[in-house]
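As structure tokens, here come the structures.
Heads up, the next two complexes both have chain A, just with different partners, chain B and then chain C.
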Partner chain A sequence: MLIADNLTCSFGGVKAVDQLSFVVNHGDIFSIIGPNGAGKTTVLNLFSRFYNADKGEIWLEDDNITKISASAVAKKGIARTFQNVELFERETVLQNLLIAQHIHRTTNLVTECLFVGLARRQEIRFRETAEHVIDLLHLEQYRDAVTGSLPFGVRKLVEIGRALCLRPRLLLMDEPSSGLNPEETEDLGHWIEDINQDLDVTIVMVEHDMSLIGRVASRVLAMADGRLLTIGTPKEVENHPEVIEAYLGC
Partner chain B sequence: MRFVLKTSYNRDIDVFRDRVHFFWYFLLVLVMLIAPLFAGTYFQSQLTLLFISAIAGTGLMVLVGYTGLVSLGHAAFLLLGAYVHTLLLKYHIPFVVSLPLAAIACGVFGMIVGLAALRTTGVYLAIATLAFAMIVEQVIKNWKSLTGGNNGLKVSDPTIFGFDLQSDVRVFGLDSEVSIFYYVCFVILVLVLFLIVNLLRAPTGRSFIAVRDSEISAQAMGVNLTAAKIRSFSLSAALTGIAGGLMAHQIGHLFPDSFTIVDSIKLLMLVVVGGLGSVHGVIFGAIFLILLPEAISVLKGWLPQAMVYRGGLEPLIFGSILILFLVFEPFGIYGRWQKILLYFNQFPLYRKKTFKRQRSFLRTERVH
Partner chain C sequence: MDTFIQLFLSGISAGCVYGLVAMGFVLIYKSTEVVNFSQGDLVMLGAFFAVTFSQWLNGNYWLAVVFTVMAMACLGYGVERILFRRLMGEPPFSVLMVTIGLGFVLRAVAGMIWGHDPQSMSTPYSDARLAWGDFLLPVRDLVVIFGTLILSVILFIFFKSSRIGLTMQAVSQNQFAAYCVGIPVKRVLALTWALSATIAGVAGILLVPIKSAYPQLGLLLGIKAFAAAIVGGFGSLPGALMGGLLIGVLEEMTKFYIDPVLEFGVSEFSAYILLLVILLIRPQGLITSMQRKKV
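Our next item is the complex of A and B:
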């Protein structure tokens, strides 16, 4: 479904990602691991088109998305969450979920200004989707809370909800479990499985928590210093000598 | 404590929360409609000024309060709107056509300035817009054949079907005269608010908010930053242009320095003091702006003479107010008002922390 072909991206002299190639299949929960500074976030940012690849190509099914604009990525059906939570902090949870449905709008400036039937029906449709997501992630009690004032764990969850509001086929998650307590991580595991199976969303997640990975991931990619170490099942990767070395070495 | 029972999503989408809420606004409109019958000429002209300020304020609010872009050059759009409108009137284009044309002209210029906003933000954008305002002023000053240069331009009275909109009408049985222009401005303000409130509860408005709160997330949500910023700038400029056109009639005779940096700062003060990111804030801010000169003249009575006549007192006061609000009440008068409302709503249970923001986590990972 998603193909990274020989991706390379460097900042000054640092090669953050170096000739990385891999394939994510439809329905995968594909996990990327690696020590700090390995270039995991950079890989996601390349997919989101925040960074330009120096070399290599990115394919989403039959589309070459190496050169499209960052805002076009969402329209292709790719949603994402961020390592340190990037919500619209001054707005409520509900408003965040509504903003996220931007790509599904059918109105234009004129119909919006007049707020005729079309615009109102669209608002109701958006609201239904938002309520669906609120229901799914049990966010009812936070619906009208301003996201900037919520606890970190809830904000991470809202961010996942916001990504789901795009109704994506591919979800990129950057360390979804960081900053969560063990219970929250446990719940997160269930939600990731639900999202993957019930909503038919392929997932690529950067993660550190090996127990979470062992529980949900179908395949794992290990990288260090921007380079691929190995790809395989969680068990295989965990016991791979180079992976062990990479983690001990830092 | 009053609970609002919501039985359909329409309740959340509607502008008015419920009948009670609607009633208060309806009453306000009613009061504004009959006010001229009882208010004197001075009071009417002050209210007219308030309406025009609110129209310009709405324009700047869209930009600053909703899209998070700063402009120190909105006086340029007042000036442009005023000149375009006046010139069109001079060539016998009817009022109802020339005002929208002035808005469109300003919208186009706003688009051009918006292009600058793509590359610069914050202080740099403020400086860029300031430079734009200076250019506009210079062009108007030097394009003498069209604008009359420093001699200015006389503004003809607005008319609709030969009826002079700027005339005062004596209502039967009342002593006071009623200004027709008051109603013109009021209707335009209500219209502008109607359109903007609608826009802000629809995807376009939300895309502005998205750009304001996190450009990176906005992009990940499929919001095209370029389109959103240019739209916002253009809309903002167009509204300010309408205000400029109306203002021209209030002034009567236009000069290249009819609107200056001080007006840009006043407008900025309007949105900051009123409350960034709220349409109510525009109204509060406009009221504040109208009352300010009165307050300053009172203040002048208390200050030593030397200070009063030195000049520069007003900019000093404006600047101080801006800074004080930005530091102590970033959500302005409207924010304060909401806190007071909430306090009474939750009376014994009010928590001071309700409005405290969680400390944001490290932002090192942000891609810029």
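Our next item is the complex of A and C:
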């Protein structure tokens, strides 16, 4: 479904990603691991088109997305969450979920301002989608709360909800469990499995929590210094000598 | 009492213009975190465009208004596309310096094209006055008030209901998040500049029958409108308008009641006194919509 072909990305003299190639299959929960500075988030930023690749190509099924604009990524069916949560902080949870459906709008300026016909039906449809996501992630009690005032764990969920409102086929998650307590991480594992299985969304996640990875990931890619170390099941990767060396330095 | 009401309405009229310019400041600041110090000079250009289009169109005021608004929108879009797009990612202070430089360039270019003498423009209401007993109010002041009111309502509907208005708000809150939900951030920023220049253009159109057009028109206006934006909270469009109205009314009142007593032009700097007082007692401004940044 997603192919990274010989991806290279440098910042000055530092190669953050170096000739990285791998394939993510449809239905995968694909995890990327590696020590700090390995280039994991850079890979996600390349997929999100926040960074330009120096070399290599990115393919989403039959589309070459290596050079599309960052705003066109969502239209291709790729959604994204961030390690430090990037929400519209002055808006409510519901408004965040409604804004996320921006790419599905089919109305024009006049019908939107007059709020008639198509605009009204469209708004109802968007609201239904938002309510469905609110139900799925159990966000009912936070529906009208301003996101900037919510606890970090809830904001992480809202960000996942916003990503789902895009109706994506691929979800990129950057360290979804960082900043969460053990109970929240446990719940997160369930959400990830539900999103993958019930909504048929392929997931690529950068993660440090090996117990979460062991529970949900179907395949794991380990990298260090921008280069691929190995790809395999969580157990295979965890016991791989190069991975142990990269983490422990021995 | 009649004098007080008359002064109040004149103050509201002047304040509307300050408020419109302040709204331009706020729009750009919210989207780009840069204070556009050439905002006042965009008003001056709007005034000159209105005069020129009116002359070209044989005094057809309404067509001149339409052409001026369109020209200012194109100018704002072009300025972002040609100048400020290249500065994306640069430190805000560098961009701020460019806006100051742009103001100098606009004043110089306006001087070269239109000269330095004030140029007036005839309107269907230029000399009309509304009489009500002893009470006399120039219609041009009422036009400024109603023009601002109509524009404010249009902006309210635009930001509340239209897709582009919502995307502008989204971009102003979080550009990363905006990209992730498929909003073309760069195009939205260009449209924000276009809208900001359009508002400046409307302010120019409303101002030209009162003050005429000349290259330095926007300089002092811009500084006072900047004060109005801070008084209003620098993150809120209604706040900016409210700040402008307060400054306008205060100036008119001090000009009539205090200047003759003190034999001193207190009204000239009353806006800055208000600014200092507001900063002392309510540093976040009248309407708070800015958030503290979490680091």
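The rule is simple: the second predicted complex is superposed on the first by the 249 of 250 C-alpha atoms of A that agree within 3 Å, B and C clash if a C-alpha of one lies under 4 Å from a C-alpha of the other, contacts with A are read in each partner's own complex, and residues count from 1 in each chain.
Here is the rule we use: a contact is a pair of C-beta atoms (placed from the backbone, for glycine too) under 8 Å apart; a residue touches a chain by one contact, two chains touch by 3 or more.
Nothing here was measured: the structure is a model prediction, and the numbers come from that model.
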Fit or clash between chain C and chain B when superposed on chain A: clash
Residue contacts on chain A - larger count, chain B or chain C: B
Partner chain(s) touched by A:E86 [first = chain B, second = chain C, both, neither]: both
Which of chain B and chain C A:R105 touches, first, second, both or neither: both
Contacts of A:S48 with chain B and chain C, given as first, second, both or neither: both
First (chain B), second (chain C), both or neither touched by A:A38: neither
First, second, both or neither for A:S71, with chain B first and chain C second: both
Footprint overlap on chain A, comparing chain B with chain C: 48, 50, 69-75, 79-80, 82, 86-91, 99-100, 102-103, 105, 107, 109, 112-113, 115, 148, 162, 166
Residues on chain A engaged by chain C in the complex (per definition of touch): 48, 50, 69-75, 79-80, 82, 86-91, 99-100, 102-103, 105, 107, 109, 112-113, 115, 148, 162-163, 166
Sites on chain A touched by chain B in the complex: 41, 45, 48, 50-51, 69-75, 79-80, 82-91, 94-95, 98-103, 105, 107, 109, 112-115, 119-120, 122-124, 127-128, 148-152, 162, 166, 174, 179
Residue ranges of chain B in contact with chain A within the complex: 9-10, 12-13, 195, 198-199, 201-207, 209-210, 212-214, 216-225, 231, 277, 354-358, 360-367
List of chain C residues in touch with chain A within their complex: 157-158, 161-164, 166-167, 169-170, 173-174, 176-185, 289, 291
